[in-house]
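Structure provided below as C-alpha cells; questions to follow.
Chain IDs A, B, C and D follow the sequence of writing; residue 1 opens each chain.
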Amino acid sequence: MIADFESLEIYPMTHEIDALIEDLVIANKILYNEGVVDGFGHISVRHPSLENRFFIAKSMAPGLVTAQDILECDFDGVVHDPQNRKSYVERFIHSEIFRARPDVNSIVHSHSASVIPFGVTSQRLRPICHMSGFLGSQTPIYEIRHTAGETSDLLINSQKLGKSLANILGSATVALMRGHGSVAVGTSIKQVVYRAIYTEVNAKLQLESMKIGTVDFLTDAEALATSAMADVHLDRPWALWKEKALSSHG
Amino acid sequence: MIADFESLEIYPMTHEIDALIEDLVIANKILYNEGVVDGFGHISVRHPSLENRFFIAKSMAPGLVTAQDILECDFDGVVHDPQNRKSYVERFIHSEIFRARPDVNSIVHSHSASVIPFGVTSQRLRPICHMSGFLGSQTPIYEIRHTAGETSDLLINSQKLGKSLANILGSATVALMRGHGSVAVGTSIKQVVYRAIYTEVNAKLQLESMKIGTVDFLTDAEALATSAMADVHLDRPWALWKEKALSSHG
Amino acid sequence: MIADFESLEIYPMTHEIDALIEDLVIANKILYNEGVVDGFGHISVRHPSLENRFFIAKSMAPGLVTAQDILECDFDGVVHDPQNRKSYVERFIHSEIFRARPDVNSIVHSHSASVIPFGVTSQRLRPICHMSGFLGSQTPIYEIRHTAGETSDLLINSQKLGKSLANILGSATVALMRGHGSVAVGTSIKQVVYRAIYTEVNAKLQLESMKIGTVDFLTDAEALATSAMADVHLDRPWALWKEKALSSHG
Amino acid sequence: MIADFESLEIYPMTHEIDALIEDLVIANKILYNEGVVDGFGHISVRHPSLENRFFIAKSMAPGLVTAQDILECDFDGVVHDPQNRKSYVERFIHSEIFRARPDVNSIVHSHSASVIPFGVTSQRLRPICHMSGFLGSQTPIYEIRHTAGETSDLLINSQKLGKSLANILGSATVALMRGHGSVAVGTSIKQVVYRAIYTEVNAKLQLESMKIGTVDFLTDAEALATSAMADVHLDRPWALWKEKALSSHG
C-alpha cells in the first residue's frame, strides 16, 4: 500500500495532481462558505491517472481542510495513507459512485438545509429555473430502509450501502437521501460544486414557490438546454466563490 | 470599431464618463453585497453622449468587477473593445430595452431569490409598502416560450428575444422572467439599484404576508405617490450600500 | 433659534447630553447591525432638560450616523441647527408622540421585515414569548388612509399625521403602520432599542408559528409580568449589541 | 462559603478545571456565533470533583463571556463567589437538572428561534434527520402555568420551578418551554453544544418540511442508532465551531 501511495510522489504528473488537490481544498472551503456543508459533508475527486482511486479529506470539517489533509482512497473504500489517517465513514458514497459512473469525476455529499424537506415528504425536487436544469426531469430518492432496514444509523458506511445508493442515483446528477441529505455528481470539481450549490438554491426557491401556488417547472427540454448552457459558465461563479471563501478563511 | 472605442479616450467629457463607470463598478458590488446578484446577473448604464451605446462589464461575476472590466456595447449587441473581450450572452436584455425606452438610462438583470416564485406561479408581484411603489399596479411577466418555444435555454441571447422582452416590459419599471429572474430599469444607476433591491425586498415581504392572510396592497395612487417620494431619497441608502459594499470587498 | 441651540453648548449638563448623544449614535448603529433598519428608519431621544425638544439624526442612513450628525428638533417639527441641516421628513412621528406621551423618552421608527405582514393582513401581532411581553394584549395598527385618503405617499410628514399616529398608538408600546412599518416607544434608549429588536423577533416567531398551527400566546398577565422582568435586564443585550455594532462599523 | 470557593484555587486538579472552564467559555461563544443564543441564554458544566456544584457565567450575554466571568454555583442555586457577583436568575434550570440527572454534565438553555413554534402550537418536535436522533421519540414540553399559574414572568427563578422543569424533562435530552425556549442536556460540553445547535437545525428543517407535506420522521430505532453515531463524531463540528467563534470574537 505504501508503495502505491508513494507513487504519488514520483509520478510525472505531480503538477497536475497538486493543482487538482488545490482545487479540492478550495472546493471544501467554498461549500462551507456558501452554506452547503456545515461541520459535516465531503467532496471527492477522481485520481487523474491511477485507476480505482480518488482524493478526499481525512475525517474533518470541510471548512478547515488544507492540502495536507487530503488522502487517497480506493474503490473498495481502503485509505492509502502512510500516516494511517482515517477518512470519512461514508467514503463508500464516493467509491461506489466512482465505480458505477465512469463519467463522474467529482462528488459532493451534503446535508444542505433546503434539500432535506424533499427527501422526507412526497414532494419531488424539480428544476424551477435555468440555473438548475441539471436536476433533469426527476431527482431520485434513496430510502436506506430498503437495504438496511428500519434500525440503521442512516450512514452509507459499507460497500453494500454505497452500491445501493449508486444504483438509485443511476444516470442522474443528484440523488436525495431520506432523512439525511443528498449527493451530487459532476465531470469536474467546478461542475459538482456548481451543482451542489444550485441544488440548494433550487430547493429553497421551490419551497417558497410551492407555498404560494402551483409551480410551472422547466420542461424536460428546457432542463437539458439550460444544463448544457450552465456548463459553459462554470468559471464565472467559481471565481467569485473562491475569492469569497479564501478571504473568509484567512 | 477600434476608432469608435478610442473616441472614448479623447472625448471631452472623460471625467463624466469616469465618474459614471466608477458608479457602475460600485453598483455591481452593491448588488452582490445586498444579495440581489450572486455569480450571475448584470447592470448597465447608457453612454452619456454616444447614441446607441451603453457600458456593461465583461462576462464575469458582478461582485468582482473593477473599472478595467467595463466594456462599451452598442444597441445591436456588438461589443467595441480593443482587447476583443466578451460581455454577457444576455447583453440583448440591455441593448433592446435601451433602444425601446429612451427614458431608461440604467438596467439591472438578476435572479434574486424572492422574485422567482412570482414568475413561476399565478401570484402577481404587487407593491406591498411605500418603499416599492415603483412596481405600480402590475408587474408584467415574460414567458420566453411564446417566442423561443419549449426547448430553449431561457437566455435572452439574441436581438429577437431582447425585443420580445422589451415589448413585455412596455412602460413598466420591472418585468419578471418565468423560471429565470427579473429586469429592473431606471433613469439612473442609483434609481435602478434602489429598484432592484426593493423589488427583492417587496417580494420577500409579499411571500411572508400571503402565507398568513389576504394582503392589502398599495392603491395605484399610493404606488404613484410613494414612487415619486422614493426618487428624492435615493442618495440615503446609496451612501450606506456603497460603504458596506466597499468595506466588504477590501 | 440659534440662541436656543447654542444654549446646548453652555448648558451645565453638557456631559449628560454628550453621553445621551453617544448612546443615540450607538443605538443607530445597533438598529442597523441587528437588521431593524436598513437605509431608512430613525431613532430619537427626548432632550433631558429643554422642554419640547428632542435629538435625532439629520436625514441619513442610521448605520452611518455619528455624533456630529445629531440635530435638535422641537415638538412642532422645527429643526434648530446653526448649519441649517435637515432631519427626516417623518420627524413628526417623534415630535407628536413625545408631545402626547410624557412617559416616553425614546422612539424608534423602522420598516423591519417580519412586522410588515401584520400591518397588511388581518392577523394581529401578539406576544408569543417572554421576551416580548411589552407588546401587551393588542398592537394597534395605523391606517393612514383614514387621515390622508387613498392617494398619499404614506409618510408621516406633517403635524396632523403625526398627531393621528400618536392617537392610534395611545398608551401602547408599539404601533404598526399599514404598508409602511412600525413605531416603538420607551422610557430610555436602551428600552426602545430592546423593544424594536424584539418586536421584529416576535413577528418572525409568530409568522413561523402561525404556519404550523394555532398559537398559544402569553396571557395578558404574563405579558405584563414578562415586560416588567425584561426591563431589569436591558443592560445585558445592550452590551452585546453595542460591541457587535461597534466592531462591525470600525 | 469563601473557604469552599478558595478550595478551587488549591485543588490538585486545577489544570483539569482550567481546561473545563476554557471549554465553557468557548461554548458560550460558539452558541452565540451559531445563532443558538442572542443576548440571553446560558450554558453550565458540572464541577468535576465537588459534589453539588457547577460552573456558569455571571449574569451577562453569552457571546461576551471570558474565563474571569465564570462562577461556581451549588445545587440550591447559591453562588459562591468572593466578589459576590450574581449569576442568572434562571440558574435553577441548571441546579435542579444536575440534581435530578447524575448522567448529565452540561446544560444549555436557549431561546433559539425555530424551536419556539413547537412550544406554542400542538406540533411536536421530532427527529427529521440523522443529525438529531438524540431528540428521540418525543420531546416533552414544559408548561409553566401548571406550576406558576397564568400570571408568571415565565422565568425558572426558584428551586420549585426548576424541579418541575427537571421533572418534565425526565430522561429526555431536550425539553421545550412554552413561550420561552428550550433546555438541552448532555454528558459533556461538546455533546450539549452539538445537541443545542442541532435541535435548532432540526426545528428549522421540520418547519419547512411540514409546510409542504406529511413528514417521514426517523423511526425510534433510527433515532437511537443515529444518536449513538453522532456521539462519536462530536470533535469534528466542535473544531469548526471553535475556530469560527474565536475568529469572529477576536
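Note that a residue touches a chain if its C-beta (ideal position, glycine included) is under 8 Å from a C-beta of that chain, and two chains touch if they have at least 3 such contacts.
This structure is a prediction, so every number in the text was calculated from the model and none was measured.
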Type of chain A:chain D copy interface by residue overlap (half), same or different: different
Reference chain D; chain at largest CA-centroid distance: B
Cα-superposition angle relating the copies chain C and chain B, to nearest 5°: 90
Computed distance of Cα centres, chain D from chain A, in Å: 33
Where chain A and chain C are represented by their mean Cα positions, the distance between them in whole Å: 47
Per-residue multi-chain contacts in chain D, two or more chains: 211
List of chain A residues in touch with chain D within their complex: 32, 38-40, 59-61, 63-64, 111, 113-114, 116-117, 120-123, 150-155, 178-181, 207, 210-211, 250
Parts of chain C lying in touch with chain D, wherever the complex brings them together: 128-131, 133, 201, 204-205, 208-209, 211-219, 221-222, 224-226, 228-229, 233, 236-241, 243-244, 247
